[in-house]
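In the two assemblies presented below, chain A is common to both, partnered first by chain B and then by chain C.
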Partner chain A sequence: MADAPLARPETGLVRNVGAAGLDLLLGGREMYSVFVRTLYYVFRGRRERGAVVRQMFEIGNRSLFFVSITMGFIGMILLYQAGLQSRRVLPDYTMLGATYLELLVRDLAASLAALMLATRVGAGIAAEIGSMVVTEQVDALRMCAADPIDFLVVPRFLASMVMTTALIVWSGAVAFVAGAITANVAFSVPFHTFFSMQLIDAGDLTIGLAKCVAYGAAIPVVSAYCGLSTFGGSEGVGWATTRAVVNSSLAIIILNAFISTAGLLLFGTK
Partner chain B sequence: MAQERSIEVKVGALILVSLAILGAFILVMSGLSFEKTYTVYVDFDNPGGLQGGAAVRIAGVKVGTVKALEFRGGKVDPTSGRHVLVRAQVAIEQRVHDAIHDNADFYVTTQGVLGEQFLAIDPGTAEHPALADGAVVKGIDPPRIDLFLAKAYELLDTTVTGIKNNRETIASIATNTAGLLKGLNVLVTDNKDRIDRIVSNVEELTVEARTLTHDARVNYVDNPKLTHTVDNVEALTTKIRDDATPMLKDAREALANLNRVSGTVGDPAQQERIKKTLTDLAQLAERANSTIADAQVIVSHIKKGEGTVGGLVMDEEIYDDVQEMVRDLKHNPWKFLWRE
Partner chain C sequence: MAVPEPTALPPPGRLTHVAAASGAALLKIAGTAGGMGVLLGRILARLFAFPPKIDGPELKRNLHKMAVKSLPIVVVTALFTGAIMVIQAAPLVKRYGAEGLLGWGAGFGTLREVAPLLTALMISGRVGANNTAELGTMVVTEQIDALRTLAIDPIAFLIAPRFLAIIVTLFVMTLYADALALFGAAYSGYGLIQVAPQSFYNGLTGGLLHFGDVANGLLKSLVFALVIALASCHFGLSTTGGAPGVGRSVNATVVASAAGVFVLDYLISFLLG
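For the complex of A and B:
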């Protein structure tokens, strides 16, 4: 017994948790590094107008149909369900439109549209950069003394900031109009009653626009980080794409929580 | 290059559309209005949930906005002399200036049951002048639901505590009431026939009373005879009233005369003379009686045909003779002068 080797303690779970924690920490630091370098090149980098416009077209116009359809349906469903619940409590629809608009402006338009964009735009960015990484094009860029952040991430970052905001504003309008039509058809709420801005104030709009910009910045940074950290061939590109979608969505949810809390502290609950 | 430009146009269009939506949204949200406005200050003790930016409505039509709510902490306002806790600065469109009079009511109410609170204006009456620009008015505070709930809670609490503490008393009251009702029920059931009788009697009584009052009315109130009688009595009393004075005067005179007569008669000498006169009158009557008796005797003699007058009156033969003689004289007047 005394000669028997010491039994190794069961550390699998602890090790896994530790490894995940370290990965998260390292990943967070990497992502932060990408974000800071992106910001640096936004102000100090070279100007390539065509690249930004092309990315704007890719991110904005190409997503327009998808986002419009999705947000239209989401708006209809949200309003219909809200109307049903409202009818159960108190059959008074005078405030339905105002409440719905407040909800859209403060949170849902930005968050839902950003989640949609994260799946489409984030996956695209990660796949594109990831495949460039595995085909060593990124390394080639580095050899040419061109920072891939400046060359690949900055145009996407700028384009995403602008087009995410534009798309969220557009999709919010689509969701609101879809909701108005649903309310009119399902609950006979007149359009004039529904189009009510009485619950909206500058605080709501500020929170909504802050979310637009934050999500617009987060999606390309997170996705680019996932793309740049790709390894292991085409399978790695697949993983990078998945991670980009998951992490972008996660980033949106976390940013939503932070911005909403900040808004609550700044503007109050009303 | 052409493709590049086409992309730019599409991107630009999307951005412009979004900017337009956002701009329109902000404009509508900030209550953009090109109407000229004037300012009115409304003082509240507690404006409830009224917020800056809330709508101002007359009869449901939006005519302005609440610009700001200022907390003045109960300081006395020099112009109105009131203690002002909260003052709302209200911008009202110039076009409704003439419609809001200086006795207008400003009150806070809600849209719908759960809606946002807004400031409603009841515009007042036309006799009063229009509310001036910059006027300070006193608003009507919204109903305090919280206060109502607090009071209602206190009331309920008191009631519940009272019931809890007096449970036995309440139970005994309930038992007694139940017993009373039961006894009453038995009483009513046992005496059903009597009660029915009483009720029917009372019914008959009321019917009779009705008839009675009706008849009484017809006979004694609406009756024309009665009216006539009353009129006559009235006329009579009037007449009496008019005639009473002269009648009394006459009566007084008659009494005075009577007094005089009795005064005269009351004298002893006079009385003696009257007595004597009466005695003479008695003797006179006695003599008249005997005279009449004598006359009766004479008349009976005559009737019997005794004496000359009796024969003349009572004898038929003489009458016939005289008649024949007169007739003969009529036919032979000469016999007055000549006898055959």
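For the complex of A and C:
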């Protein structure tokens, strides 16, 4: 390297693919380390009083309005599309509500609400921790012998586990009621036909709750990792926020595919 | 807590408080919508001038940065989305014993709704937020004012190329996502519930799906792109308050894009039927 007089621009395809692969590997290892340390401090750490409750307010109550609005609209859209779809095959709407509720419980409520939360909560966590990193507050924490994971990530992790589950249950209810109203107006399905739980069983509930917990854990860990690895001043905070949103959304989609596959293999299709 | 406050004035009633807060929120939303409308008008005036007042090299640079660099995310998202759609359609297919309907069941939802929506969310997170951060940093470091001082129109030089690039990016990415999601769905259907890819493709092309369904999804992607592009440029340009302001703008962009995408999705779904 040292005796090369004119370095060629490094744009080989193999080099690019290799660099991307190495980046992915290193990023994955870092994220795994954040996750493991978070779990360790959940059981071993010192807890600052009120920190978890404050984060629960920040993550949960502040997102309630946004999640309700988007999930309400999404409930109306989903049911409308489902109605159009079933109208093309057999114009029978008696099972519409039961099928819709099953889909909501098993997948859509959790995944769509989590995508919304990844946007709102993930961006917030990454921006907050990222600006602490660039203003050297995180280094100050380390100098006071407080691990930033224990002090910053664990409260957000615990708060997100609780509030994500609560918000997902709430947003499922919102989407279902919005769907019921749409079904009544657009396809004149009576409410008592629509509110039917006959297709819900333990398998659906297990898959839905597993998704709640997995997403609740993934969003703060991924976003905190992105926030903690901020560099490059105020512009870096913008980049960290972007990466947090994209990576948490990707994490949700990938987790969804894995949990859904596991559910399909465990509980079958009945 | 038990000791009452010694102040003489009673606190304003809860109702007044709520009314004031909701009024302020409404005014803020109206202001944002108005600002976006004005920005759209200014951009369109540059784009439809003859010759179009838009900076070519900047457009090319942005297209590369936004579209080419987002390709890996879109590919991963689309493949997994296809698999998820098949897993969700599987119980219905098994219940009615109609394996030929799997392609139609998964394809209908994917093409009309899920592929455009998820691609828009991913692009809004990656491209829209990034664009706001870039423009916001330019605003707080007074680079936009510097452009004006040099008699360079910031809208033609910075905003119009980004606006156009976001719209082209999302449209092309939705095309990719449609194809890749169906591909992923066909092979995960084969792997998970043993429906041959041939019968999946037959279900897709068997007459229950029309070109209108694909066009519906593509039209949606154009509208989503419009919202994302306007929101990211508007919040970037209206950044105030230094470096923390850039973070706030990015957050506002992501939230406004997501909300706007869902609301418009609803409106388009009902209008097109």
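Everything that follows uses one rule, which is that the second predicted complex is superposed on the first by the 258 of 270 C-alpha atoms of A that agree within 3 Å, B and C clash if a C-alpha of one lies under 4 Å from a C-alpha of the other, contacts with A are read in each partner's own complex, and residues count from 1 in each chain.
Methods note: a contact is a pair of C-beta atoms (placed from the backbone, for glycine too) under 8 Å apart; a residue touches a chain by one contact, two chains touch by 3 or more.
Note that this is a predicted model, so its numbers are computed, not measured.
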Task: With everything superposed onto chain A, say whether chain B and chain C fit together or clash.
output: fit
Query: So, A:120: does it touch chain B (first), chain C (second), both, or neither?
result: second
- request: Please work out whether A:80 is in contact with chain B alone, chain C alone, both, or neither, and reply first, second, both or neither.
  value: second
Message: Looking at A:69, would you say it contacts chain B, chain C, both, or neither? Reply first, second, both or neither.
response: second
More chain A residues in contact - chain B or chain C: C
Query: When the two structures are overlaid on chain A, which partner does A:13 contact: first (chain B), second (chain C), both, or neither?
result: neither
Message: Looking at A:143 after the superposition, I want to know if it touches chain B, chain C, both of them or none. Which is it: first, second, both, neither?
response: neither
- request: State the minimum pairwise Cα distance, in Å, between chain B and chain C in the overlaid complexes.
  value: 7
Statement: Residue overlap on chain A between the chain B interface and the chain C interface 270
Query: Considering the complex alone, what residue numbers of chain B touch chain A?
result: 4, 7-8, 10-11, 14-15, 17-19, 21-22, 25-26, 28-30, 51, 53-55, 111-116, 118
Message: Quick check on the complex: what are the chain A residues that touch chain C?
response: 20, 66, 69-70, 73-74, 76-78, 80-81, 84-85, 88-89, 99, 102-103, 106-108, 111, 115-116, 119-120, 123-124, 127, 130-131, 233-235, 237-239, 241-242, 245-246, 249-250, 253-254, 256-257, 260-261, 263-264, 269-270
Statement: So, in the complex, the side of chain A touching chain B is made of residues 50, 53-54, 56-57, 60-61, 64, 90, 92, 94-95, 98, 162-163, 165-167, 169-170, 172-173, 197-202, 205, 270
Field: For the chain C and chain A complex, residues of the former touching the latter
entry: 72-73, 76-77, 80-81, 83-84, 87-88, 90-95, 101, 105, 108-109, 112-113, 118, 121-122, 125-126, 129-130, 132-134, 136-137, 140, 192-193, 208, 242-244, 246-247, 250-251, 254-255, 258-259, 262-263, 265-266, 269-270, 273
